[in-house]
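Below, each structure is written out as structure tokens.
Below, subunit A partners subunit B and then partners subunit C, in two separate complexes.
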Partner chain A sequence: MAKILPPNVSEAAFRSFVAAAQNVVGKPYVFLDPDWDLTAYQDQYATTPKEMHQASAAVAPANLAQVQGILREAKQHGIPLWTISTGKNFAYGGPAPRAAGTVVLDLKRMNRIIEVNEKHAYAVVEPGVSYFDLYRHLQKIGSKLWIDPAAPGWGGVLGNLVDHGAGYTPYGDHLLMQCGMEVVLADGKVVETAMGALPGSKTTHLYKYGMGPWADGLFTQSNFGVVTRIGIWLMPEPPGYKPYMITYENEDDLHEITERVRPLKLNMVIPNAATTVEMLWETAVQTQKRDYYTGKGPLPDSARKKIREDLRIGVWNFYAAAYGPPPIMETNIEVVRDVLASIPGARMYFADERVGDVGWEYRERLMRGVPNMTEYNLMNWIPNGGHMDFSPISPVTGEDAVRQYHLIRDRCNKAGFDYIGEMLVGWRDMHHIFCLLYDVSDTDEKRRAHALFDELISAAADAGYGEYRTHLDFMDRIADTYGWNGGAQQKLHQRLKDQLDPAGILSPGKMGIWPKGRSPEVQS
Partner chain B sequence: MATRRNFLVGAAGLCGAAVFPVGAIPIAHSGSERARAVLFLSDRSGRPEPDIAVERRALSLDLAADPMNFDGAALLQQGHTALMAQGTPTTLFALRSQLGSHWRVIVKGLHGVDGPGLHRLETAGAVAPDLAAVLEGVQDEDAFAAVLMRLSGNASAMSTAENSVQHLRSRHWPGRARASLLAWPTRIL
Partner chain C sequence: MKRAIIPLVLGLVLAAPATLTAAPDGAALYVQHCAACHDRGPQHPGTVRLADRWPQEASLLDRQSLPVPFVRFIVRNGLNLMPPFRPGELNDAELQALAEYLDAGPHSQSGK
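The block that comes next holds the complex of A and B.
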């Protein structure tokens, strides 16, 4: 890989920045060699040439003062920075920057768990703390608090939250559970948000909103500042936990499942992420496609039937859990049984009936906050598996669930890919996650995957659905779909960007937000 | 000890600057030679040829994904001079992500994914003919692990050569599709 420079930056200016950055963080933590060091900052699942997202350097500060120092030097030298925490965001581009030549601001050395407050049930962490780290720490100190991990446990607590990630316990809406934030603005100014703005505040991590506009959200999925610390509410270990699974025999059951889940979620009979999983997701975490089919294209019906028999799963597989004192759990489970297991052909399972089932076991752990990596086994479904996730939000209705399923599944199969998906119901919405799995060594397959993704964006937007998160390559495309009233929201983002980061040094292109005059459209 | 780049992660690709030393396959290390400390990671109990100092450790996806278990700098500090791993492709991807720039992947293999006895080996072009000859005689993945572990070298001393993907054939290895990885240290801490 050849060395590159940041856009519109001279060799001399870049060298001057590097020297300054080395003074700030120490020479060992400025990375320059494209072959030996910077491969760590590539998107390993890229469907486009890796050069499109190649970093010119990476800088790893160890503390707040060093972050400020790097921002100061970046501003002075006109160097764009791309902020990452643990850098595991692989379905959405991993640690790679949106624009080639951007310097990665790698925060994983900032890995302190600053506080665990058992009484008020929260933790305060820096960007480099992974779910594994926080879980291990809580175990070590004998805490009775749970975390809410993303499915791959190596992800960062802060990074996942600021990218609007979700989990599987009742605390699964991560941004909702965030309380208190420390942000460094582009000019180096440090801001404590909400209650933290009060000197000597005793409620920084107890009340989210403070007084006046709630600013925290502006620093999520954005490039308006560098988040260096967050408070995160943790769920106290409940007196009881009882996960369950319900299998469904028919593809058409999706409509009825979703209709029946909605009131159970609205009324909090189901307190955690109510997850309806298509059979291939269940299958791919524990088998390989070649075990059932060695031909080209999507899995045929005959193989799907054999899989369902072998793994004792349905076409759809529903997961949730009851939490609390046993009498309350049993009452709620009876309601769930009456409502969801009464669909013809449905069968309800509990832990003792799924012993040894890989799919059950990792979800059972996720729903009680135990981080693990099992879901990553999806990548074993095909040789050299890599993925991008297409993630539209849906209303919780049977009609919308079926419409989205067909919208994605039909195009996906036509393009020669398996539909591997799940739908997670939160408070009022449903996250539909389609794991687009392809062979990263197959150029044609990557091209088709890229084209399919692009087609799905248009099809979903035409039907009134937008994505909540996306891969680097599609940030501009999806931002454009949020174009109501002449793109008023994008223009608002742009105005904020221009005011908060007039030099345009922070994460250019993140979620389609570019510094003035530097978007690809303007430059082309 | 804080070391340069001991936190780098994610370089799952094969490094472009590694080639085998000419005549490196196979190298039998006699007792008179200084024993190399090879770390052999596997999610099953293989018995590769142990005529060199081999430390074996269990490997799973959860273990491989957590830097507490596999940190590239720490492994080097422990004196390992080569690292050989076998497991699912996902597990090896996770492991590679933890090794960082202290280790260079010299051989990255996928076995059985294209059919019984078929192998994809991503490695330096210069070594491909030698490796092909070796593979013809290898009967299972344990034997393949032994072949890789007996290779010696230091990635930092390698010239720059283009990587290539070789599609090779062996006898039908028993078991499911698997992945393998051989890595050498690149720098002295």
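The block that comes next holds the complex of A and C.
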């Protein structure tokens, strides 16, 4: 790839910034070679040309002072920075910046686990700490605390949380479990939020809200500051853990499953992510499409039936777990069995009945906080598989579940793709995750995948559903769907951006928030 | 002249702890960065993908030949579903140690 410059920055100014950045972090930690260092800052699964999100450079500070130093130099030289932590945000753009030419501020080297507090059950981590890192550390020190990993264990504890990610244990709402934040503003000022603002505070990681407005949320899915440290509550290892799976025979069962799951979640009979998985997700994590079908387009019904028999799965497959003292677990499971396994054709399984089942085993690990990478097997479903996730939020009702399922699956199949999806029920919502798989070596397939994604955004918004997170290419599009009252919320974001980052150096375009006058619409 | 050399040598010796760090441990780096995808078994997506081309050596642990330059290139550029690894997360010295570990395979056990 050719070298590029940040937008509206002269080569002289860029060179001056690079020299200053090298001075701050050391020459080995400023990356400039587009054919070596910077290839790894691309989105491996992009459906659009990689040049659209090519970094001009990357800078990797090792500590807070170096972050401040880089922000100072960026402001002075007018250089936009795109902040990443572990940089594994694949399906949503990976480590690549939204706008070509942006310099990546790579926080992976800030990988200290600053504290593990066994008594109060929390950890304090920097942005570079992955789920694997934290898990291994807890194992090493003999901790009795669990983590809550996202499905790919190489993800970042902090990065996933500030992108509103979720997991599969009872602590799966990651932002809810965050307590205490250190953030660097664009002018270099360091802020400790909430209780941490009190000098000598004894409760920085014990009470989330402090006094006054809770500012932490402003620094999630945003570009108002650089989060350099968080506290994260960890679940004490329970005295018992019993995962289960319930298979369902009919496509139409989705309605009844969802209706019956809602009260079980609202009343906390099911304490973790109650996940209803469509059969192709189960299939793709353990087999390849060519094993059942070598034609073009979506898998035919005849193959789907054979798969269900081979893998002992249903059209829908429900996963959750019981936690706690055995008598409580058994009571809860009895309730779940009565409510969910009484749907005609349903069958309930426990661990001893799924030995050697790859799909079961990785979920069994995730629901007890053991990170792994098995879900990446999804991309082995087809040769050269890449993916983007389309993730609308739904009410927990049968009607909405079925409507969303058809809204996505019907368009997906029509566009020639398999529907690979799951629905995770949290407190009051359902995350519908559609993993759009395509062949990254096939230009036409990538074009069609991109067009499908675009179509889904409109169809979902028209039906009253918004996405909770998205890929770089669709941030503006989805931000625009949140346009009630003349885009009042977007305008609020813009006012905050203008005040907190008047020079516009932090992550331009993140979630559709641009520095004043620099959005693509203004420039075109 | 001799007096000038002694302080210089002494200075180098005293400076050593600050400038030299322990050599990267390729085996540990394999566990940290590679094992979750490339250990043996169908739960490891890299192993599943590579079984197409190397059915008997699908896990990197079992590969007879993984030349250092090849490993270095794949790690920085990615292959199939494997995204590239950034120098910010795996620097060149670590990458070299990792590549040498893989080049020295096969290995009976992850990280050994």
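Points to keep in mind about this one:
Methods note: the second predicted complex is superposed on the first by the 524 of 524 C-alpha atoms of A that agree within 3 Å, B and C clash if a C-alpha of one lies under 4 Å from a C-alpha of the other, contacts with A are read in each partner's own complex, and residues count from 1 in each chain.
In this section, a contact is a pair of C-beta atoms (placed from the backbone, for glycine too) under 8 Å apart; a residue touches a chain by one contact, two chains touch by 3 or more.
Just so you know, these numbers come straight off a predicted model, no measurement behind them.
Of the two partner chains, subunit B is the only one that A:D291 touches; subunit C does not reach it.
Looking at the shared chain after the overlay, A:D301 reaches neither subunit B nor subunit C. Applying the stated contact rule after C-alpha superposition, one finds that A:M1 touches subunit B and leaves subunit C untouched.
In the superposition on chain A, contact of A:V358 is made with subunit C only, not with subunit B. Applying the stated contact rule after C-alpha superposition, one finds that A:E11 touches neither subunit B nor subunit C. In the superposed model, A:G153 lies in contact with both subunit B and subunit C. Using the contact criterion defined above for the overlaid structures, shared-chain residue A:Q42 touches subunit B and also reaches subunit C. Residues 28-29, 31, 36-37, 39-42, 44, 60, 86-88, 94-95, 108-109, 132, 153-154, 372-374, 376-377, 379-380, 383-385 of subunit A lie at the contact with subunit B in one complex and at the contact with subunit C in the other. Partner subunit C is touched in their complex by these residues of subunit A: 28-29, 31, 36-37, 39-42, 44-45, 58, 60, 86-88, 90, 94-95, 106, 108-109, 128, 132, 153-154, 286, 358, 361-362, 371-374, 376-377, 379-380, 383-386. Contact residues of subunit C toward subunit A in the complex are 32, 36-37, 42-45, 48-49, 76-78, 80-89, 91. Within the complex, the subunit A residues that touch subunit B are 1, 28-29, 31, 35-37, 39-42, 44, 60, 86-88, 94-95, 108-109, 130, 132, 136, 152-154, 288, 290-291, 294, 372-374, 376-380, 383-385, 441.
Considering their complex, residues 2-5, 7-13, 15-17, 61-62, 64-66, 68, 88-90, 93-94, 97, 100-101, 110, 113-115, 120, 160, 165, 176-177, 186 of subunit B touch subunit A.
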